[in-house]
């Protein structure tokens, strides 16, 4: 029950971030729906394919419905120009929620902790990567800014708390707070990870 | 039987559009085959993975054979330069056929109408998107020109006609005519959907 | 047993090539791990999804562990700047190994020879394509230089040798030597396939 609510909320906030990217790119209502759906359900789709689960949104209409409503809502609210920050905050909430949901579903399917954490990270990051690729903007994962690492921390916290016997709501809240919190710090303060130092004199590969 | 013919025809026309993209990009015969295969079977592959069906071309050799023949045929016909229109018309026929085939197969697998229509749209559009990404040209889905929307209309018409009890050949013909027809109008007359209005003064996301 | 060793070696060399790409792009340790994992296990993941096998790295931790070790190793070895040639040679070994492994696994799953060879080619080339896309460098498959064709030759040699009854170690060695050898010649001597001749006066599609 808690999982279903979190799941639907994760789809909604990611779908809104996708529709906001479509708005910033001056797209049509059809592309709004496409961006919303790809961002909202892309990460969970990859997770389900990898763990061999039926893809969560295929047998029902509500997940797609949420994406369509998100697209229509952003389309109807005519803002002079949606600020990038709005998109980033919706994305951050989705990242925190999906890192936990992805890890949780993988563990429930009998996936060992290390690949289960990877599933959480993929679920959290893949929708946003697809959104950036579709919108033709450079993906955040290539910048030193903390993004994937926030999902790694959220997913790992949830897996660790679960493995030491914490009740599911506690482990879920912990994982979400850590994943979202670290990403929020990165957005608000511009925190980055150190990059590999090298000579930049010759050309890139 | 009708489905198999439509299916093979869909693979063939999309494979030709892929080989034409390789020709326009001055590629090698190996890349011709790669572009033809990715475009010809990419959309159906995604559909089958999502609905949990065995991927249609993996257990047999004929679908890949059709892609190889399409690649060889385009390679051998030395044209000064293939016009973009030729590619677009082959793509339009594939789009109309695949919107119906994708929706039909999803419904046959017990997928509800809304996600089944999405499967039709994915089947119709994903191969062409992969082709554009491989060829390094901007994807048509980011332009206001009607493309995804034609697939939505074709897939929806088929699903609606099927649900009210129309015989399969009638529903198939209707869906194909509407999907192909709307896309043909968009190519011939340059019909577009309205874009989200916004101020363009600051930088893209 | 031989397959497992080859498999793990293939993951390791591709993971190193991914980490080297991250180093050349001046990425963080988290991105090193991401590049290593995507390149190391990307091709085999696509193969397993297509043939309907459980994805090979999901139910265990060692494959991901190899990718993390490869990422850490490249991160710790501070080189002024990793030469592109180092990346290319690791990639070539992975290409030769994976062309054989991919074909072999597909045949073992009852896939006919033609699609099985395609599985070998996909397994060999897809990880490197994902690595190039992530790193934002033009993919080798769009250059006339021999790359995909080396995988085609390696996979075909293995399938042919297997079908005429050659013992598995012999077929494996033959496929690897041909796939790696042709790619090595292409790197060392710059061998290319002929491109489609056409007039370049008008704009690309």
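In this document, chain identifiers A, B and C correspond to the written order of the chains, with residue numbering beginning at 1 in each.
Simple rule for what comes next: contacts are C-beta pairs under 8 Å (C-beta built on N, C-alpha and C of every residue); 3 or more make two chains touch, one makes a residue touch a chain.
What you are looking at is a predicted structure, and each value in this text was computed from that prediction instead of being measured.
K.L.:
Do chain A and chain C face each other with the same patch, meaning over half of the contact numbers show up on both, or with different patches?
P.N.:
Different residues, largely: of all residue numbers at this interface, under half are found in both copies.
K.L.:
After a C-alpha superposition of chain B on chain C, what does the rotation angle come to, in degrees rounded to the nearest 5?
P.N.:
My answer is 120 degrees for the C-alpha fit.
K.L.:
If you average the Cα atoms of chain A and of chain C to get two centres, how far apart are those centres in Å?
P.N.:
Each chain's C-alpha centroid was found; their separation is 28 Å.
K.L.:
Counting only residues that touch at least two other chains, what does the list for chain B look like?
P.N.:
Answer for chain B, listing residues that touch two or more other chains: 49.
K.L.:
Over in the complex, which chain C residues touch chain B? Could you list them?
P.N.:
That would be residues 49-52, 110-115, 118-119, 138, 141-142, 144, 148-149, 152, 192-202, 204-205 of chain C.
K.L.:
Contact residues on chain C for chain A in the complex?
P.N.:
Residue list for chain C touching chain A: 21-32, 34, 37, 45, 49, 54-55, 57-61, 64-65, 75, 78-82, 84, 87, 134-137.
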